[in-house]
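Presented sequentially are two complexes of subunit A, the first with subunit B as partner and the second with subunit C.
Up next, the complex of A and B:
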């Protein structure tokens, strides 16, 4: 191994996005793997090409963009925010107004994606920049509560604007993922129907996934690049010691406002894509829980790192599915299997009425937790576990593995 | 406030007086609940520098314990049947408060103690994670339908001047006053002085032989107990028919109360609680009808946050909070 992490021999290599050849090659391989996932050619991971896993990966991609936004605000600039869901909502409804169908119960102008997607980012950024000067007057825990208030006020606002949002519990239709030049009948590129691309038959899920992958990569490049700029360094100096940064001539408020605007822009894109991907969202969707999921992604992945943020986003979105599969596995073991494993499974799962167990596969709440509740419980417990035992998150685990192999076979 | 007075002046007559009196009395009762919640939050924050986002979940858990003890197993009422039912119910509620205090102790020891010295974001997140865990378990225990608490007051009301006040609201205010006096007395006791010392300077307090860990545990126990009391009263007659899966969210509106008062001010918490309660009550009473239909549903619920934002724009550390001294 010719290169070592954190060993830089020139300034330009330290500033490079991928400093070593090992990193360049592994990033390329990783990217190539991501691209070929929909074709099911990766040995052992062919199941990822299934339609439902494609959908989950698409949601990971959408969520990752917003998580990168929060990474800029919290990871780089060090501002605690629980208000990310509000900006996601702003982005979603901007996209809905501009791209939504004309002449329905809710506002819609029927404009193409190349207008509504950037507009979602710009409007969210603008609102972020308007709110930021108020928010940055307060610090630390006060900021957490103010941004929390933003989510509640935002949720109420979305509920009270039925002509935009479709109203409480009803929701509205969002524009689809179709590329039109203007308002023509047949879209130029349609990401929502099966068909062949360059002679390759592809499902709509695969197409959507590839499109979203492009957006994630743009997001990653933005987030990575910002760390190398003057603005990014200003963010980090404010995070590390805001007074020292001010003394050195970093304008405190200005950069905090910029961090808010940038993070809101990415949140807005997430909202717009989320609406387009899911098709119909209710105003209650932009609740505190969404904000918590973003924060959880950051903390589980490892705060302050782009790769950690991506890992965390993947974890947060994939976890519910894994829990569901795990519960299903337990239930089938408890029902059909024999021996110790089945007994343990039967202890955890109740598959019939009046069968005690922690999780119930039956609909309703009794006797045990239902799967959604079990999911939440596991989610909370994992979060607590990570925060206590692995404060650096998944990225910290990776660092430990890397450090172990760095000087292999020597231990130091 | 000026707006309320304006509306009040325009409407005129006995009807307006009644409306104002009712809004005020229910606002005071609501404020008392917020004050209880805020008191617990501030106590925990002062002693341990942790803002407990799991407060609402603890409140709901406490209310569930009260409902379970009073209506399902009738504990400790079954052993003291000679006492009047009101006293039996109060005993059940007290036991529920105690159990929740023990839960607070356990939480502090298991989840909060290991986080001392961690960054703010992580500490905030761990209390949010605790909130998720406790709320999920509590929701499952409560079940799909709200559980009535079986309180002796039911829907009884009394007339105080022009206002119609529920008896449970009177009880709420009474308990809040008792809690306030209790906390004030506690701060004069041996442990209370130790807690004040720890809050002021942890290392100096430890140098004087005060066990900071014990103080942290005590703060969490008292805080959780106060949360349970608030949870119980927020599940009574005028507010809801019982403890349900929305009880936990109610406590999020106590956060504006402590911000308005200043995070580290006990008296601020109480004042903030009543400001928030009154603001919410007035908003619920006056901002309804056709004129205000553009505000949509649930405006009263966000009123606390709006008041909070206004206060923070003017005073970034709340009304009574100490401004953080920033040293380089």
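Up next, the complex of A and C:
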């Protein structure tokens, strides 16, 4: 009901993704903003159209798809998993075999994207479904340990199969982001070179970004829709109390396996896209750190919600860049002048061999952590901080702000 | 689905008396697919269109015919508000029978009395709880009842009583009867007459056993024309129509909810939304945001208390803004009360500031945002409460009427709203004040036919020249508006010979969110005293915030801190009244008043006589014998 947002006359209206007009319109505006980012027309955010920021946003998009996968497994079905990186790897190498060219000592079939991308999802899902029955026999921390083992097994396997992965520290080439009908010379649509689309001149980065945006939106719709189906409700009931769910007739193992499979499928897509986007990956890339990044995205963003997952994914990917920019700023402040600000900045950064500080701008020569190490430290601190102070994550902060206005002029 | 009109035949009812049922049939022809009702089921407001509604009414009517109901027979309905209530009610009218409504809280003894007094042939019981009240009374307790229809089968499968019949079975009976006698219902409707009784409404019976007031087609038509279709009733001047939303939650057997829900739906096509229960009214109000809202003072007091508490419980910044908004509202309220409910320029400006700031959001939270008419009646209300709601822009008015005159007496018309009065008599009706007693008397086509099977009681209600004696004492204000002093029998004459209206003092006490009930005593005594009942959850919260531990209602009532709190409210109230009207002492009522324990009537009015007997020790203590 348009003028009575809380009056639901059918289940479909109650379960609608965007139940009110306000939500429909704001979602549309948000979507439109995302689409026009590459054209640099948003006042104050024009810098996002720069190539390096376009690349960061593309990585956010790729990462978000995998995070949505983990959201289904951990956020909805409540199964803690540290093995997400393994499934990302499976997807990546499936894509590499099917879509990549034959290289020095590596296999490759050179098939088009419409085969290797779905195949990455299917193979990852299948392996997920095979492993899941074993994994879901344990719960909580034990499940975390089992999935942790998966990452190490995976990393070792990837290193030991050079004809697929290119071998340790060497890596291999991945298929490009091009759309071919079959193996023709000139791709039908090419996302990796500059050119004009519908008369608009666009860089390859902008094209890639728009393509990935489409994938993210598909992922969001899938994740959102799963949440409001019978399966999604089964997941959530298992999350809240698996024994109670089983007593109520929810098949426990079946749904846990489904959650694993769905989650792995999205992880596989992320892997495939990651490979295609970066071009070359080494087996060590699919390590525990990648898994932790996914968990961090969920916990920082807000576990159990799609919006929180997206927020978290953005945060985790953008943070290193912000740290880098900020360190640069501190370094120049420390060098340029005197005064309180410069002193504080000098305390944080170390710019020379004998200059103590927390972050070093000359890794190797000056003391302190390098940017990557500092990022790791930050993730850890943020994870602890959010778990203790804001268990609902960034999304929880938003919820509190929203409720403040929603209950106006009362408090409850 | 075949259309209803094909089945009942295009019977020409243009010459028939326009009963409330015929009005529904007409709507099912003119707007068959428009929504007529909503009923919340499993969290969703399930809709019924006019054609579906009429279809069900016809089926039920056939079912009643199949059960042998004829003109003048009675069906008693013992259920919470739900679509079936209205459907059975209108089906009874369609076959020229009549319904009578029982309150869900009626205990067994009252059910026995009411059903037997009305000589109902068919009894509709909602669920196991209500069926038990019939079965447990014994097999011979109800000589007239032939069939008991029940709506909720839960818990009733093991019952074997030949009179029991499940609703679906009953509808099946109706279907069979319709197949056999198509057009029977339409034929009966064509015979409807102006003096057919449509319903028996039992008076609440604050003194003596309840009496069934007979309301006829003529009474219903008169009530519709005068109250529902009154000119200048709503804030925007428009008549009620299909775009209006009504929340149905007061007992449908009561004349007020009949008029405000059932008959308003029939005559104007408003959408009825059935609240889940009386406990969920505040939530349902938020969902429905009714445009026409009628409530008894108890409900208004409750909303008033909720708003006050939530405003003060808000966080710091909100409390600052609320404090400012509340001042604006108080100013607007005062100004509107002075100007017959109209806005002065200043009040309008204040409203423009306050509305976006907080009024609009506040009204949305309590469900009154889209209200274009808000009424209060059925019991006296403190003017402060009306002023409070007017301040926030709720078009609230008080009206007056009683079962015996089909509730047609006075209304505060929009723009001529004098707070503290019950308004002006409807144009053209007979309404006078008795010269000696000041009693309000009415004479118009809304006056009831009489009490069911009680000719003496009926005769006692009318004057020799045929005016209905309401039993209320009133005075004229400015020569146009009527102000009610009190029920004649409630007026207190102190031993000093002063006439005092207790309800004015009681209502003033009840404007405090902490006080739920108050009963002023003092007839034939030297001074006034009061028995006071606290609002359990509000005072409970207050005690919690003051860190006063308590266990039960009684324990809480008797805490010295609570008594001190009430003393403060009593002293504040005393300042508003003359010396003789001031309360010298009060005592806390040690239990929550309840219908089943006999302290309240089904409509939650205090039974003074019972109260005086029950708490005679407290009263004696106050007068220190």
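We adopt the following convention: the second predicted complex is superposed on the first by the 392 of 412 C-alpha atoms of A that agree within 3 Å, B and C clash if a C-alpha of one lies under 4 Å from a C-alpha of the other, contacts with A are read in each partner's own complex, and residues count from 1 in each chain.
The rule is simple: a residue touches a chain if its C-beta (ideal position, glycine included) is under 8 Å from a C-beta of that chain, and two chains touch if they have at least 3 such contacts.
Because the structure is predicted, anything quoted here is derived from the model rather than measured.
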Touch test for A:142: subunit B only (first), subunit C only (second), both, or neither? first
Should A:105 be classified as contacting the first partner (subunit B), the second (subunit C), both, or neither? neither
Of the two partner chains, subunit B (first) and subunit C (second), which one does A:328 touch, if any: first, second, both, or neither? neither
Touching partner for A:80 - first (subunit B), second (subunit C), both, neither: first
Let me test your reading of the model: by the given contact rule, A:10 touches which partner, first (subunit B), second (subunit C), both or neither? second
Per residue count on subunit A, the busier partner among subunit B and subunit C is B
Please output the residues of subunit A touching subunit B within their complex, sorted ascending. 74, 80, 82, 134, 137-142, 144-146, 148-150, 152-153, 156, 159-161, 168, 241, 243-244, 247, 288, 292, 295-296, 299, 303, 364-366, 368-369, 373, 376-377, 379-381, 383-384, 387-388, 391
Interface residues, subunit A side, partner subunit C - complex: 3-4, 6-11, 14, 407-412
So, in the complex, the side of subunit B touching subunit A is made of residues 45, 51, 111, 114-115, 118, 120-122, 124-126, 128-133, 136-137, 139-140, 143-144, 252, 255-256, 259, 263, 294-299, 301-302, 305-306, 308-309, 312-313, 316-317, 324, 326-328
Given the complex with subunit A, which residues does subunit C contribute to the contact? 38, 43-47, 286-289, 310-311, 313-315, 318, 321-322, 325, 358, 361-362, 365, 370
